[in-house]
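Consider the two complexes below, in which subunit A is the common component and subunit B and subunit C are the respective partners.
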Partner chain A sequence: MEPAHPTAGPSVSPSLSPSVSPAPQSAPDPAFPAGPAPTSSISTLTLTRTASPQENPPPRPARMPWATRVARRLVPFGYLTPTIVLLFVLMVVPIVMVISYSFKDNVIVERNPVLVGFANYTQILTDPNFRTALKNTAIFIVGSMGAHLVLGLVFAMMLNSPLLGPLTRSVFRVLYILPWLFTIAVVAVLWRLMLDPAGVVNYVLEAAHLIDGQVDWLASPATALWAVLFINIWSGYPFFMISILAGLQGIPTDLYEAAAVDGAGPWHTFWNVTIPQLRPILLSMAVLDLIWTSQQFALIWMTTGGGPLNSTEMLSTYVYKQAFSSYEFGLASAAAVIVLLLTMLLAFFYVRQQRER
Partner chain B sequence: MSAVSGVRKAVRPGRLFGIVTTAAVIGALAACGSGSGSAASGGDVKLEFAQWWAAELPDGAFDKIVADFEAQNPGITVELVTAPYASTKQQLVSGAASRTLPDVVGLDGAWVNDFSQQGAIANLSDLMKDAGYDESQLASQIQVDGSTYMIPVVNFVYPLFVNTDLLKEAGVNEVPSTRTEFVEAAKKISALGDNKKGWALPLDTSAPNGAQNDVMSWLWASGGSMLADGKPNVNTPEVKSVIDMIKGLTDADAVAPGYLTMKEQDKVEKFTTGQIGMMVDSLAHINLIKENAPDLNFEVAAIPATDGYTGKRGIPYASWGIGVADSSEHQAEAFKFVEYLMSKDVNAQLSTLANGFPGNTASKPDFSDSDPKFEEAFTIYQDGTPANEFTGLPKSEDLMRTLNEQLQAVLTGKTSVDDALKNTQDNWASVF
Partner chain C sequence: MTTVTTTSFIRRRRKQRLTKVALITGLSLGAVFAAAPVLWMLSTSLKPNGEVMATPPKLISGNVSFAAYTTVLTDPDKLRFFINSYVVALAVTALTLLVAILAAYAFSRYEFRGKRLVNVVIVSVQAVPPITLVIPYFGLMVSMGLYNTYPGLIITHMVFTLPYAIIMMTAYFNTLPRELDEAVKVDGATGWTALWRILVPISVPGMIAVGVYTFMISWNEYLFALTLTRTDDMRTVPIGIQLLMGQHSYQWNEMMAMSILGSIPVLVLFLIFQRRFIGGLSAGAVKA
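Coming up: the complex of A and B.
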């Protein structure tokens, strides 16, 4: 490796770029022979655009030795190795293991599990509890996503309003973003206390004559799913709000001016300027939210545990119970693979939508 | 153009970096692989002990007990791996699967059957024989197919906690000792209004131990059993009478609302804040309740039995159990540590610290510094028999969950008591 002489070269670049001197004393790199490249080209080496404009690209060597070419090809992989190793150990291996478990009976529990083909899948797909979990998850993720989108958009537009002074705006920004700052454990405990039959929510609603008698929000099969949905909406909308706010601020004002000149009212401006401009953000956020919410486990587990009577059972809690309570790791793996496929479907739409942009 | 050529050239010094990084990663992975084997090379044995106990004892108390063991046994060090109960369980399940269990493991009786079937925990009967250990000093052993896999180190009983202030306010002068008295007291307390209820029933399914502590405890207290010859036997008049009693209480609105998803900690919190008059709970919570509500007047009593029952009352209990990993390379040393924890003085000391009852029959907990209620409870414990039929059953947590779900269906009017018991029986029978 050549010693660098940041100040000795002809380049007058004041930057910190690794401008390499002609360095006649440099020894050829034994691992990567530089080939016939003329040393003069090295003198122009600089990473900044401050170098003199008359320099030429170095002539490409006519033919490199085979070893050099292979070494060059391998260099990028050298950089990628840590990531590839990590991805392999932390992603590929577990996924392949889970998929192989899903075709075995009594895996983990028995030392010598037997292959059972698709039996686990049949059992999962015909299990009414799984279908309940699937239905609940669908309601939960679509409901969360829709509400996140609408609330995020409404709050972002309110915060973006020119009617607000900068101070008021900052105060409200902090207030609106608060739910997002709590970890899910805190959110769960907080709402368990508030939604307790003898809790604050019932007290307020009763005082306002909106309900008659105490409602078991989280403990009644009729309301539990809506209660956890509400908690998830509450804890998740700020992320939408911030992203949409950033999007709103990026919409050029001349579009609004042009719309005003054309005589468009607020409603038309919203539908024909704001929404089309925000569309890419809205779409990616929506798909990402579907994927994230489908994996929500902690909130459900800490508030209702999937109960009462499976009314809040989600795919995540279903898989957990199969694995860590029934010790049916084969069934749990099969269910997990089904969840993986469904999530991949969503991810596919996300990637395709990203590519379209 | 110059920028492009610059980048291309700049790769050169970096190529070495790339290769060095690769080598470092591979080297690090190789080091990880070989590290575990070298632990015992110096003649010293390092035991790992995964448990949740240290977290529930006064700060540093368990470390001191372990340090005494290390002082008595030079050459053996014990490393405590402490996590809350639920995380310990998850760690052990995955450790059992990958055969990487710590040498010594804290166990709950509910896990023993599954772990032993998996071959994850060692047969302690064999280890006891090898060590020439006298089994007769153990108060109980948890066995599967005639061999011991867990030894209860400290036992925690679950008596009835009664808020005496609420009871008096409701006009009940005696702590209930029969089911009829209990139901009456619960209704009277609920009649006080102001969100006060007679009893709490946590039926949450994420930690379904309410089925054991708050439901089946009533059966065991009257000498009943949910098993016959080790097989489920739930569809009996005895079990039905318990479910009927519970249904009667909820119909009379004498149970704290929210019970379908209530957790154990909610129950304790409601008792501490004086919202419920009675609960079945672990004795270990006495200190917690006293700390949070120093002015609360409460008593502990045996769980009420059916009217006219005169036999020994079963009293539910949970244990801090201990076992040895089957994959441990130092089983003899691990058992030495188990022996130490079960020895007369250490076991007494540990029980005193934990506010539990010793697993060694010769140990006497020291009540001099503790609440007089512990001594009362010790009398209840000695007068009755420890009863927990879920201990040692296969997939016992799943069995409890099934019972909870069936009970939820009964209490929401979705099914009858008879159908619920039949469903429970069928479901349980399929597991055995």
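Coming up: the complex of A and C.
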């Protein structure tokens, strides 16, 4: 230990500065990163590091007594202790637990569960219901993401139009954000009311001669998946819209002026100025949406419960049922680990793709 | 020459007016899509239950009544849902803010070994699906005796709120010049004093944004509230709404009244902090 000290103090900052990440597209604006935007937040935190080596190192590191130096280096960990403890208890321990559960039979229910190797995984992966859940989740995600993107973009561009007065704009903006302000439990009961066979949606559609007779949207296998997809689109687009709106406002006007000078029409401008400028936002929104939609549980559980005939079964409801309806915690854990791996895979590709850009 | 420009000017004016008409039409259609369901919720909550499914549907019933609201607000079982939600959400907000401020201070003002690792963990925690966590949480809470208690819910909600709060607070602290706390430190004060005397008081706007967001996440949380509580007296509002739905006949008006009452805290917070909130979210998006 002794020999390390002389270099330890001064080497702190040099040893850290090489690790400064390429920080892909860290705009230096003092902003809040929105939600779990993975790389953006990494770059946020590394920013300080890039800036600090000059100003931060302790004034006279070499002459400081050993104990003081060690104490100094422990200071940040003091501040981080609650976080580290919580993350350990709430994240590391549970993940280890769920992995170990997944190799056991009758875990939690049974006092002495037996190890069964990969039997749970085999059973899950060969379960046709699991494959249905996988397929439904994929449809649900792709449908939601696409519609959120399009609606968010269209609404944001309308709201951003210079033809609108400030009052009109803010009135419409509040109206458009409304769906996002209701918790998913409320969204679920509201749409159950509206999509009831005798409900208002059927009445309107019948009056417009779009359907014949009452459709039980959430209870017939043919329509249930589309109905929950529609509900999810309704409740989720405002987040896209808000972010895209802010992005639109951040596009420098001289880009548009330059396009106009070049004689570009609105369509051309949209594809060659607006979309490229929004690209980073659209990408990170898409990833956030992917993560959130794949985790959607409450909406499905409260509208269809995964039925009828598994037509709206998602990975989340599948895992939940295995655990809390069938009390097959071993099987549920295996499914949960598979879901975790899928998520990690997506996150990994996202991070890699962000690095490459 | 002049005539040409005048006609083109007029043509442009006319085109602009047409665009504006199209725009307002489009916006109004979108607004119907966005807001009509909310209007219907309000309308239903003010009807007697017998008229909820009446054909043709009426937006305003002949006998508007607040009976559904009175029923919800005078039923101790239903009030209990609200109390539970407030207790949990407020505790989660306070604890999250406290822990996040400390962590953000370390991230913003110190260099240390493992900074990157902790950072990566904090960021990636947000991608872990709650459904994966809920099974071990159930096992943990039962074995620690926290199943069906406030602390069990409060701690588990923090897994959602903490990462976001730390990232937001760190970004906020990073906007504050280091000279501020360095100046205090030169006068002999410790980092601890600098944090609580200097940084925290000027970070109130950031803390409000983080606090509002945290409160909303906890107030809306469903999966953990469903699995980690058992008795009706521990249920939160989202589960309470679902419990109303489970009863033999649907009391739609009461469900809608309860939905509206349950949405009020979030609506109010949003309306008060609208600018800051949208600003915070959008700034992050621009950044990403």
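The rule is short, and it goes like this: the second predicted complex is superposed on the first by the 284 of 357 C-alpha atoms of A that agree within 3 Å, B and C clash if a C-alpha of one lies under 4 Å from a C-alpha of the other, contacts with A are read in each partner's own complex, and residues count from 1 in each chain.
FYI, a residue touches a chain if its C-beta (ideal position, glycine included) is under 8 Å from a C-beta of that chain, and two chains touch if they have at least 3 such contacts.
These numbers were taken from a predicted model, which means no experiment stands behind them.
Chemist: After superposition on the shared chain, which partner residues are touched by A:Y176: those of subunit B (first), subunit C (second), both, or neither?
Modeler: In the superposed model, A:Y176 contacts subunit C only, not subunit B.
Chemist: Going by the contact rule set out at the top, does A:L255 touch subunit B (first), subunit C (second), both, or neither?
Modeler: neither
Chemist: Touching A:V75 in the superposition: subunit B (first), subunit C (second), both, neither?
Modeler: both
Chemist: Thinking of the overlay built on chain A, is A:S326 touched by subunit B (first), by subunit C (second), by both, or by neither?
Modeler: first
Chemist: Give one of first, second, both or neither to describe whether A:G306 is in contact with subunit B, with subunit C, with both, or with none.
Modeler: first
Chemist: Would you sort A:D216 into first (subunit B), second (subunit C), both or neither based on which partner it touches?
Modeler: It touches subunit B, and subunit C stays clear.
Chemist: Quick one: classify A:A138 as touching subunit B (first), subunit C (second), both or neither.
Modeler: Touch status of A:A138: no partner.
Chemist: One more residue to check, A:L149. First (subunit B), second (subunit C), both or neither?
Modeler: neither
Chemist: On subunit A, which partner's contacts cover more residues, subunit B's or subunit C's?
Modeler: Between subunit B and subunit C, C touches the greater number of residues in subunit A.
Chemist: Does the superposition put A:A264 against subunit B (first), subunit C (second), both, or neither?
Modeler: Touch status of A:A264: no partner.
Chemist: Going by the contact definition given at the top, which residues of subunit A touch subunit B in one complex and subunit C in the other?
Modeler: Correct list for subunit A: 29, 31-32, 34, 41-42, 44-49, 55-56, 75, 79, 82, 108, 192, 196, 198, 301-302, 324, 329.
Chemist: Quick check: in the complex, which residue numbers of subunit C touch subunit A?
Modeler: 16, 19-20, 23-24, 26-27, 30-31, 33-35, 37-38, 40-41, 44, 52-53, 55-57, 98-100, 102-103, 105-113, 115-116, 118-140, 142, 155-156, 158-159, 162-164, 166-168, 170-172, 174-175, 178, 191, 206, 209, 219-220, 222-223, 226-227, 237-239, 241-242, 244-245, 252, 255-256, 259, 262-263, 266-267, 270, 274, 278, 280-288
Chemist: If you look only at subunit B, which of its residues touch subunit A in the complex?
Modeler: Residue list for subunit B touching subunit A: 1-7, 9-13, 15-16, 18-19, 21-22, 25-26, 29, 89-90, 93, 96-97, 114, 117-119, 195, 203-207, 256-263, 266, 275, 395, 397-398, 401, 404-405, 408-409, 412, 414.
Chemist: Mind listing the subunit A positions that touch subunit C in their complex?
Modeler: 12-13, 16, 19, 21, 26-27, 29-42, 44-49, 52, 55-56, 73, 75-77, 79-80, 82-84, 86-87, 89-91, 93-95, 97-98, 101, 107-108, 154-155, 158-159, 161, 163-164, 168, 172, 174-179, 181-186, 188-194, 196, 198-200, 203, 234, 238-239, 242-247, 249-250, 280-281, 283-285, 291, 294-295, 297-298, 301-302, 315-316, 319-320, 323-324, 329, 332-333, 336-337, 339-340, 343-344, 347
Chemist: How about subunit A: which of its residues touch subunit B in the complex?
Modeler: Contacts found on subunit A: 1-2, 17-18, 20, 29, 31-32, 34, 41-42, 44-49, 51, 55-58, 71, 75, 78-79, 81-82, 85, 108-111, 192, 196-198, 214, 216, 218-221, 224, 301-310, 317, 321, 324-327, 329.
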